[in-house]
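Below: one structure in structure tokens.
In order of appearance the chains are A, B, C, D, E and F, and numbering begins at 1 in each one.
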Amino acid sequence: MTDYVLSSETRDKLKRISTASIATALFKRGLRNQFVQGVVPVSPKAETMVGQAFTLRYIPAREDRNPITVFRNADHPQRVAVETCPPGWVLVMDGRKDSRAATAGSILITRLALRGAAGVVSDGGFRDAQGIGRLDMPAYYARPSAPTNLTLHEALDINVPVACGDVAVFPGDVMVGDGDGVMVIPTHLADEIAEECTGMESFEDFVLEQVQAGESIIGLYPCTKEEHQTKYEDWRKRNGR
Amino acid sequence: MTDYVLSSETRDKLKRISTASIATALFKRGLRNQFVQGVVPVSPKAETMVGQAFTLRYIPAREDRNPITVFRNADHPQRVAVETCPPGWVLVMDGRKDSRAATAGSILITRLALRGAAGVVSDGGFRDAQGIGRLDMPAYYARPSAPTNLTLHEALDINVPVACGDVAVFPGDVMVGDGDGVMVIPTHLADEIAEECTGMESFEDFVLEQVQAGESIIGLYPCTKEEHQTKYEDWRKRNGR
Amino acid sequence: MTDYVLSSETRDKLKRISTASIATALFKRGLRNQFVQGVVPVSPKAETMVGQAFTLRYIPAREDRNPITVFRNADHPQRVAVETCPPGWVLVMDGRKDSRAATAGSILITRLALRGAAGVVSDGGFRDAQGIGRLDMPAYYARPSAPTNLTLHEALDINVPVACGDVAVFPGDVMVGDGDGVMVIPTHLADEIAEECTGMESFEDFVLEQVQAGESIIGLYPCTKEEHQTKYEDWRKRNGR
Amino acid sequence: MTDYVLSSETRDKLKRISTASIATALFKRGLRNQFVQGVVPVSPKAETMVGQAFTLRYIPAREDRNPITVFRNADHPQRVAVETCPPGWVLVMDGRKDSRAATAGSILITRLALRGAAGVVSDGGFRDAQGIGRLDMPAYYARPSAPTNLTLHEALDINVPVACGDVAVFPGDVMVGDGDGVMVIPTHLADEIAEECTGMESFEDFVLEQVQAGESIIGLYPCTKEEHQTKYEDWRKRNGR
Amino acid sequence: MTDYVLSSETRDKLKRISTASIATALFKRGLRNQFVQGVVPVSPKAETMVGQAFTLRYIPAREDRNPITVFRNADHPQRVAVETCPPGWVLVMDGRKDSRAATAGSILITRLALRGAAGVVSDGGFRDAQGIGRLDMPAYYARPSAPTNLTLHEALDINVPVACGDVAVFPGDVMVGDGDGVMVIPTHLADEIAEECTGMESFEDFVLEQVQAGESIIGLYPCTKEEHQTKYEDWRKRNGR
Amino acid sequence: MTDYVLSSETRDKLKRISTASIATALFKRGLRNQFVQGVVPVSPKAETMVGQAFTLRYIPAREDRNPITVFRNADHPQRVAVETCPPGWVLVMDGRKDSRAATAGSILITRLALRGAAGVVSDGGFRDAQGIGRLDMPAYYARPSAPTNLTLHEALDINVPVACGDVAVFPGDVMVGDGDGVMVIPTHLADEIAEECTGMESFEDFVLEQVQAGESIIGLYPCTKEEHQTKYEDWRKRNGR
């Protein structure tokens, strides 16, 4: 397990940057596969999801091991995950991209939100998805799916490295989610990515202003003309960025 | 064909319960595959869709049998289905999960709504989907799809057992749809499922209140602690449920 | 390349007709595969997208040819496409239906909109999709996708015939997009399709009124009864259509 | 149901022509979708499969309707299909392209062969596939699949029009299968297709000889040069074709 | 981990029964999902594969963790799995059904065979598949795939419960593979399944003989006529089964 | 276009190395996506396919542009490709991974073989696949498919960069195919990859011998023990490699 603790500085920076910028910054470092494929926000949120990954691994459900009574067990890993995911962290579920059944429902996700989690990401389905969408806490899933997880999924273990949407997620990795979806940042890169992307966001805000004012993107984005570089420096000073 | 007639009591109960609860109640009875896979509401609705299934089966369209002129035939099964689906029933279309063409469009679905149908479910596409979304009647489909059904689908017969989204649907089965999607309840189980789920919904409302008040789910959901059981009995009395 | 120029008359007509009508009119002429499969509007728009196709072809990205620095090249085809797509035209991207990475992002699409393009259609992903959704210009894509196009796509050439969502798109073809998605009209048919569909829309508006007033679709849609034909003639006069 | 009876002349002709030729001949008549997608021979056969379609329709299995005991019912449609498919006909199974379970196994298919059927085609799986492959009778399937059909499929009715591998198959249609797979010929076209393709095969045999002798395909295939036409006429005389 | 040890009696029985029979016997016990979906034999084998599962779990490869040099590590889980899988056991790889890269190649699988393993099953690809096919030891995979596992897969841990081809595989489960593919038998059922299926095989051999002699399957398979029952008893005595 | 000409030395080396080794060598250089996904040999061949890529690009067929008569045109790109692909080169077809129709048939591929091509690779289907399989020239495809290419594909242009099985193929790239499938080597790497892999093959032959003699792979593969290094040096001298 990781010793990395997401600082409030890095968290604050990440709250203001986009998954697109993170994807580019990771691409520059040779990491091309950190976008969780096939998940969407349950409902749009104003705020970006940021938090470290606390993982739950499902395997296919064998019928004799997964009657409805298993939930009476206080140690059931799905329940334990919801009750032990640390405040400020993101619960990441490996549902093997199989959304024909739910990996969680609104009662559990409400409990997770009440406990202060920063969000939840599953590459499977959620049931009672509208209830989940009404929470302030961001939630990402493949699609709504009414069947109980026992139908297809057995919650097996907690906080092991998992696959989520074809991406490796290690416990502690920094999950960032916005309208495009969710990026996974390895811990050893989180601080520098946050820093670098802060600059990228500033530059892109400047570029967008220029484009909206009628400027061509050639020479501006990326910036290869000196005049744009100068203009940007001015803009930064004027806007305190 | 079934003799079962959905009573207004059962209909009213089903209107107040979720597809998630129905999925769990059917799962307890060994029915694990009653959720129509791959369909979504055309637009969100306040009210739950409830009604018995009236089916329409499509097979792949052979070009020489499906020129545009076939619709001039007053006996064309798609048209007949729309004109004969009983008020209060749900028209269920087996489009072989192929949404590259429509299985219906807004004029037909408007007619269906005017005739008093309780809803429509297709595992294929709908054209003019925005028009369908504006109706009060709930509609479920795979996705919007502009091409006429004749492009890929030949409406073949009415009120035979069909597949819809990988679920067997027998004429008369009880279809229930909410934000998560659509469940298919076999007729012989409809009344007891409605009754059992009414209790489940009551308990889940209680649980959600507890969770929102900060209670842990362990021992509460499912209820294995006596104190929660007692609390719930009180809650029921207080809330008349 | 085509010599066809979309006239303002045809453009205006197409703005008032649906992709469903166009699909039917092309189906009557033996063209069954002109609906761009698998793309949806980034956000709903009041106005229909109409414009001729200006194409951009991507092939799979080979890592050594696609470092982040390629965008510094003023001749990069993606950038050139955005800067040369004529006002009133639609930029059509062949992303090989692979949406695991973006084919464009909000800055480029904003530039495209500022330059007066009529819209953009990609069968791949868009990054910063919410930014694109806020533009007035219609945009169609497979889904949001944060990774830069360099991850999976190399922009190769401009204004060659391409595949988009399993449809052949020739430069100059007329693209029409509404809530259902996007149709591709070959240039030699654009004017007559616009004319024919104008009549179809008029008739369908009449039909919808009749249906909403309680009329059966049999004999009305399609119109095989003389009384409906007469009624429609009256309706046209009354409504000036 | 069809009155068409496949004559021994047409059967003999079809035995000597390829599915590729049939596909082309149907394409010329506007039928573009008569190749059963996604099925392969269980084992290679020297002889071409030819016979009229006798169909069996499966729908998804509901657990309570499909215990292992259903096969004790002498009227079970799967068993009845095997025992009533006429000699010289082809049993065509609509397994909804779902090969996660079998649609038949070697005992039933052996019985079918013993009864003189001309072949079997399923777009689902077969169990004990090696046993089926050892029969002389041609068999086509999606892939081997050990689970009993009851797991996913309920045999519902016999000799209704079905979908098989995305193609419409009407009872009586003429099924032809070789190493490439299976074509479906509508009854009203079977005789003329057999005749036309006999000529095509003759010409293609000639072309192949020319190509093997070093001739270019330009002007030869299709034949647009008079000298090739003359040569072919000679070849026909020499070879009695 | 399981304490179950596959006895030589049970192993011998399982060597003579088919995966189809096992699937049926498990189906009767409510286990409907024990067939490893999507895997085929690398090459046909005369003998049935039987052995307990020793598992290897892969997660998606993150580029910085998976350079070619990782194999120099003597503790690399893939290498360790090959060197520690007990003789007579089956190495089962969870490759998340992603065969775009290999999960092993011929050198490792040759070593595994030399060490006395009973077989290997992967729901991913194998490289140098022809070399693997030449071994006596049975091997099952999705398809040949030249890229090294490091391209997409990181071998993470050994002998934990995994998913393989959508089936839960617990270490120690009994894997049986023949021409149809691979079944997973939970340890607590292995002995009784072996026993029950021995009887089923005997009966099916009898049935096949009857069918080959011209008998109808109705009343015979399953056996509902007394005369067949009597005949079968005789057959057993005569054949010592 | 490339100036690179594959030397006979490099060709000879590549004939003796596996696609697996090439994949690893390219992986070491950061090229992770050079394996043509989803194609298999039409029939097994003793010899490895080696040759530079001559490409043919298909787009989706529009019905009015692709009647059967188009082949009468001597300039039809499919025919031209077959007649102009240089001897010793490999014809690579971009069929957009759509194998529902053929991209070529046995007459054309026979002509290609007669003209001395080194092979053919298509990510679509081939018709008359058995005829193609009987040729000495290696051929790779997705699967057999009887429908003529005109059904779904329009041959558009020749020798432009294309996608084949999700890999970028530039004209002149070196294609190597064996039992596992096909690798694409960029021209600037072909000579060094051939050289490096020759060494890898030699070492792997040594390793396989050791493994077959009972050696563990730890420390041997990769070689981290000095004794194995020494042994290998001896082996090379003894075997002249």
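Just so it is clear, contacts are C-beta pairs under 8 Å (C-beta built on N, C-alpha and C of every residue); 3 or more make two chains touch, one makes a residue touch a chain.
Keep in mind that this is a model prediction, so the values were computed, not measured.
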Remark   = By label, the chains that touch chain B as well as chain C are A
Query = Starting at chain D, how many touch steps does it take at minimum to reach chain F?
reply = 1
Query = Quick one: how far do you have to rotate chain A to sit on chain C, C-alpha fit, nearest 5 degrees?
reply = 120
Remark   = When centres are defined as mean Cα positions, the distance from chain A to chain F in whole Å is 39
Ask   = For chain B and chain D, what's the span in angstrom between their mean Cα positions?
value = 37
Task = Calculate how many whole Å lie between the centre of chain D and the centre of chain E, each centre taken as the average of the chain's C-alpha atoms.
result = 32
Remark   = Expected list for chain E, residues touching two or more other chains, is 30, 32
Inquiry  = If I apply the definition of touch given earlier, which pairs of chains qualify?
reply    = A-B, A-C, A-E, B-C, B-D, C-F, D-E, D-F, E-F
Note = chain F partner, complex, touching residues on chain C are 29-34, 59-65, 96, 98, 154, 156-157, 160-163, 166-168, 186
Message = Please output the residues of chain C touching chain B within their complex, sorted ascending.
response = 18-20, 22-24, 27-28, 32, 35, 37, 40, 44, 178-181, 183, 204, 207-208, 211-212, 214, 216-219, 221-222, 224
Message = Could you list, by residue number, the parts of chain F that touch chain D in their complex?
response = 68, 71-72, 74, 79, 82-83, 100-102, 105-108, 110-111, 114, 127-131, 143-148, 150-151
